[in-house]
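Multiple structures are listed underneath, in structure tokens.
In the two complexes that follow, chain A is the common piece, with chain B as its partner first and chain C second.
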Partner chain A sequence: MSEAVLERPSAGFLPKWRWLSSEHPLPWLLPASALMIVFGIYPLLYALWLSLHKRNPVTRLNVFDPDYNWMKAFGDQRVWDAIATTFLYTGIALVIQLVLGLLIALLLDSDRKGYGVLRALMTLPLVVPPAVTGMMFLLMLDGSFGVLSRSLYAIGLLSPQYPILANSSTALAGVLLADIWQWTPFMVLIMLAGLRSLPKEPFEAAAIDGASSIQAFFKLTLPMMSKVIGIAVLIRGIDLFRVFDYVKVMTDSGPGTATETLTSYSGRIYFNGDFPYASTLSLITLILVIVASTLFMKIFRVKL
Partner chain B sequence: MSFKEHDKKTFIIDTARDFAARRISKRDFLRKTGMAGIGFSAFASGLLGSTRPFRGNLGGNAAYAQTPEEMTKWLKDVGGQFKGSKVRYTSEATPPTVVLNQIKGEFTEATGIEVEIEIVPLEQVLAKATQDVQGQLGTYDVYYLDQSWVATFSQDTVDPVQYTKDKPDLAMPGFDFDDFSKPLVEGLALYDGKWVGIPFDIPIFITMYRKDILEKHGIKPPTNFDEFTAGVKAITEAEKANGIFGTGLQAKSGHYSLECDWTAAVWGHGGSIFGKDKKFAGNDEQAIKGLQWYQEMLKNAPPQSTASTWDGQFQMMHAGQVALVNSWDEFFPGLDADDSKVKGLWEPLRPISSMTGVRAVADAGFGEIPNVGHQGGSILGLSKYSKNVDAAWIFMQWACSKEIMTRCTLLGGFAPMRLSSFEDPRVKAKAVVGPGTTRHLETVKWTIDNVMASEPDMPLWAGFSNNEIPVELGKLLTNQDYGGDAKKCMDNVASLINKAVEDAGLL
Partner chain C sequence: MEQSFARRSLRDIAAVLTVAVFMFPLFWWALTSIKPMYAIFNKDEVVVFDFVPTLINYAVVLLGWSRAEIAIESGSTFGVGGTSSYDSRQTIVDSIVIAVGSTGLTIIIAVLAAYALSRMRFRGRSGFLNWVLGQRFLPPIAIIVPLVGMYKVAGMRDTDNLFLGYVGLIVIHALMNLPIAVLLLKSFFDDVPKDVDEAAMIDGATRWQTFRKVVLPMVRGGVAAAAVLCFIFSWTEFLLALFLTTIIRTVPVKITTFVTSTGSEWGFISALGTAAILPGFIFILLVQRHLVRGLTLGSLKE
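Take a look at the complex of A and B:
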């Protein structure tokens, strides 16, 4: 096979455009680096700088007091409650979305007629903005006229006396419904891609050896899908950890603080004007995401 | 009927109800909700309770759109000097803001000054204004300031009375600051003797009752808390099986609406939010009685009350679910609207009086005025950091002028700020059952003049009233915490608030 030789296109360029033919990485890294600095690093450093200041609500001056907000956060019971709610929300949503996603993917993993359309339909919930999904579920779970609430009343799972979103013990489940409806298809699509990339030979060999489909699933499919599952869990987990839209739209962290997550709490603080404390809470969210993701990757040996 | 004409906030709910009751087909349901999708963002803010309970049906009645010649001349001569400039104003969807947004073209046509009105949920208005003043950015020329934020922003606005004196050449002829209702000026606009802005809207608590239900059960319209409580309990007992409750509440935890309800209950039982020692008094004997009364009312309200803001409370009234309500007067025009199931059935009443008498102003702290007519008004403030302060001042005078404020009332049926608007024959002529009715305004005027209450004027109040108080109340009312013990809950709130007040050096 002959080797293709790429010629440097410098000959046709004016001197000031000469850098377009440069082999030095700098010009090519510059645009992405600039974007990263403006939209990633600068806001992060600014948040860090803000978190080291105490805001005086009367004078509105931010005074340098490096440990004030951090100590306040550690002593704030609402922060601990919000962390617990965030982990609970993330854990429940992740497990349900993963199990449902895998089951639906197994059902849709077929080349029979019509399955392609079904797979395409799975993408529909993903294109709805989360705030709109929140609105839809807010309506459907309304205590008076919500179609979901009424269905739950009809089958006796819920009493009209305790509307799902107005009750502190059920409100989180109501918010989770919206998240699960919207994001299970994401899991389905990733799992489908994984299933479709599996080699056929091990399954054929297992079939010849007389393995049942359940045995094939647990002994072959699951182990071979472990990397895909790991990455899907990681991506969804990070996304779930910073849930805001559904909580804001459906319960505004209530009743009480029953659905208050770290991001919704920092949002509330932000809207009340205490930007340094809101920044501190955002940084705590970031730190927790980094720690949890790193631990997950180490424990489950996920490599990106 | 175009979607714009129909009240956006009830459209989907009504459609869903019609579909559930099989009054419309599935096809119509999908078509209507699809149509509603166009106005989803506006609807969303309403359902989230981030807007005021504005129920007036706006209509472009040409008879009202006659700008007086003198004003037109002033707009052209004086405002015309600033042709090409742009005035930015951010507000929640209060009734006058919605009207102003519709008629701002008249101002631009006469002056050449463009007006950009950014309508966002209440908490976003606060965040945007806070950011603007923190950095002294001048992004907004005019601020919408809720009464609970007036103290916080008092240092960031231009005193309009002083500015009139300083720049007489820009003053609108006949603007007349004395025409503003005095209690509104004192309760809303003044802080430490300075006019922080101009009174702009005044939702206020009155009592409202369903005359048909009360008559059916032989209950007299209540005049005090005891009669109100007895009536509420009797109606719940008799009508609960029919889906009708004695009262409806705006008890959404964590929301300012719950704080408003709580404050009204505390004041009505002789308590106050702060004592004269400037310490939180919401945990004293009278205040706890008020909160316990509210807990009792919750047992007689639709269960969705704990998930409802003012918008949800209005829905309960509009849908015929409740019979006696102590809440915002701005609900009234919507109750008489053509699409209302209870058109003409609600009657306004003066706010129920306290059994123990209200606490004296001198015994409350931070400028709080305890009484039974809780006001939730707002002012328009002229930004000190504005880069177009003169153009913005022209706009503010136009927006708060006699003619425009009266037109806002005529288009929406809500309470005016100006004494002359109350007396306007066009306003009086609309005091009949119908969309945008003004038949409640006599009660509103009496309430403003005699029993108007105001929340504390202090820089931390915006935070307390949107966070600590309604969040902890929410925990209590939904049994998330405190085991139903009102005292335990308010003791915790007291410790949080007293510490913050002390930290801020206000004690």
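Take a look at the complex of A and C:
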């Protein structure tokens, strides 16, 4: 931007009031800032304030007791279990979605007739409300009349005595199935965009040198796609870490607490009325998200 | 690379099969919505096509038919009972109000911020960008608990004041969509050469006039894409709507109330579910081109 433009007198505004004119960034950013302060920053500070208070269940008053909730969370086995489940869920889903997404993207990356339609169809799961996706899989995984469950019984992968969502060792897999169905297309889409942006020359050179397509994939495609993969993993990872919808709809954290994640545990505490403890747990979720994503961005040098 | 006919056909088959696997849940869902009860709850065998299709499920959730009317219509009283309301007309209105309202609010706020972030150089610019991006990382659960408290004090819960209840949820959905809208729109503004602005301003236009009359019309496609994504995200949002509202029910929240301790009304659930998916399908096909850019907050372009 040239100096001349910056120095232009702002029409009709005295120098003192210049920040009100459209030449100044303030009026442009004010609405967004106001929204983010009032409904973003303030609630966070309020959550912090709440987490430093102990709730008296009888009087329903919050009494200042700064380490009560944090120590309670630290000693609460359910919190540790929820953290473990959250990490397990995020890790498994991320790996499966990334690998599947990359493979499907390679499969669909063709200019031949019909592939455009296939790619468009592949995006459809993305717009289904996650709560509805949870319902879809709840129906298909129903222990007695679900079509998926019955197919699994038929091929002997599952026994009718142990319906997948009612058994604490398989329930998480059932929930993951919904997540994988809905979000693998997200990876496919991003990987396809990455594949299509790759230059052609290195691949032609490799082919002339006699490299196989598998060699070309590991030596050329993957390294050149690292930026794209990094962005996709970061965005997906953050969303996976706060998973709530599928768990709430499909198992409601059960059976027992087998599928309880951090978000669903704080949700449960919230509905029980202990706002200070719920706030503490949600802040723990936030801290873990910030730490994990910062580490990831530093280690893999990912930048959005 | 030359590929043999056999290899090509093999790939075609694999591609079609893969997509078919991903389409199956949608197909099954839509199929369930036109099944009569006996076909859904058949415990002896899975009924695929061997049933008489019916639109009763849609009549109940979209037209508000009562259970007595179903019994008369179907000539059977199988499974007719209970008092729950499956009439979802108000729910669909609620969802539309929330989604349209929050999309409008997000776009107005975001388009201003995105323009300044794309065009002006000022102190704290990158800090502001990071703030917006950080907002995207914020788990909704972290702000929802204190928000309910805030709304209670301010009398903004839907049980206090229905109008403010709508406003409350609209504002939160706008906040949720703000990062994606700002960053996406900024990437569209960045695509417009700065010479355009400078030419207009040399001709004597103010910043505002330049934005309003020259640059904004040039990113119309981008604004439409951002609006569609905001609409979809608001339409599909579950957690915030579940926690914040009791009278106002958006579709994802309403649909979960159809699961009861005495059994789930899968016919009604799948009918409302199918109806709820359709607008998203239409919209997503309209913005196919900008989808990747939107989902990666403007950092990847197709």
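Here, the second predicted complex is superposed on the first by the 283 of 304 C-alpha atoms of A that agree within 3 Å, B and C clash if a C-alpha of one lies under 4 Å from a C-alpha of the other, contacts with A are read in each partner's own complex, and residues count from 1 in each chain.
Here is the rule we go by: a contact is a pair of C-beta atoms (placed from the backbone, for glycine too) under 8 Å apart; a residue touches a chain by one contact, two chains touch by 3 or more.
Please read these numbers as outputs of a predicted model, since none were measured by experiment.
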| item | value |
| --- | --- |
| Contacts of A:K16 with chain B and chain C, given as first, second, both or neither | neither |
| First (chain B), second (chain C), both or neither touched by A:K298 | neither |
| Touched chain A residues, chain B compared with chain C | C |
| Partner chain in contact with A:V228 - chain B first, chain C second, else both or neither | second |
| Touching partner for A:Y115 - first (chain B), second (chain C), both, neither | second |
| Chain B versus chain C as contact partner of A:K200, first or second or both or neither | neither |
| First (chain B), second (chain C), both or neither touched by A:A131 | both |
| First (chain B), second (chain C), both or neither touched by A:P160 | first |
| Touching partner for A:L189 - first (chain B), second (chain C), both, neither | second |
| Shared chain A contacts, counted only where both chain B and chain C touch the same residue | 131-132, 135, 138-139, 144-145, 147, 150, 249, 270, 275 |
| Interface residues, chain A side, partner chain B - complex | 56-58, 60, 131-132, 135, 138-139, 142-145, 147, 150, 160-163, 165-168, 249, 251-258, 268-275 |
| Parts of chain C lying in touch with chain A, wherever the complex brings them together | 1, 8, 11-12, 14-16, 18-19, 22-23, 25-26, 28-29, 32, 40-43, 46, 108-110, 112-113, 115-117, 119-122, 125, 128, 131-133, 135-150, 171-172, 174-175, 178, 182, 194, 198, 201, 206-208, 211, 232, 235-239, 242-243, 251-253, 255-256, 259, 264, 266, 269-270, 273, 276-277, 280-281, 283-285, 288, 291-292, 295-297, 299-302 |
| Of all residues in chain B, those that touch chain A in their complex | 12-13, 16-17, 20, 40, 43-44, 47-48, 123-124, 126-127, 130-131, 133-134, 152, 252-255, 302-307, 315, 319, 321, 459-460, 462-463, 466-467, 471-472, 474-481, 500, 504-506 |
| Touching residues on chain A, where the partner in the complex is chain C | 1-2, 5, 8, 10-11, 21-23, 25, 27-29, 31-33, 35-36, 39-40, 42-44, 46-47, 50, 104, 107-108, 110, 112, 114-115, 118, 120-133, 135-140, 144-145, 147, 150, 181, 184-186, 189-190, 192-194, 196-197, 207, 213, 228, 231-232, 235, 238, 241-242, 244-245, 248-249, 262-263, 266-267, 270, 275, 278-279, 282-283, 285-286, 289-290, 293, 304 |
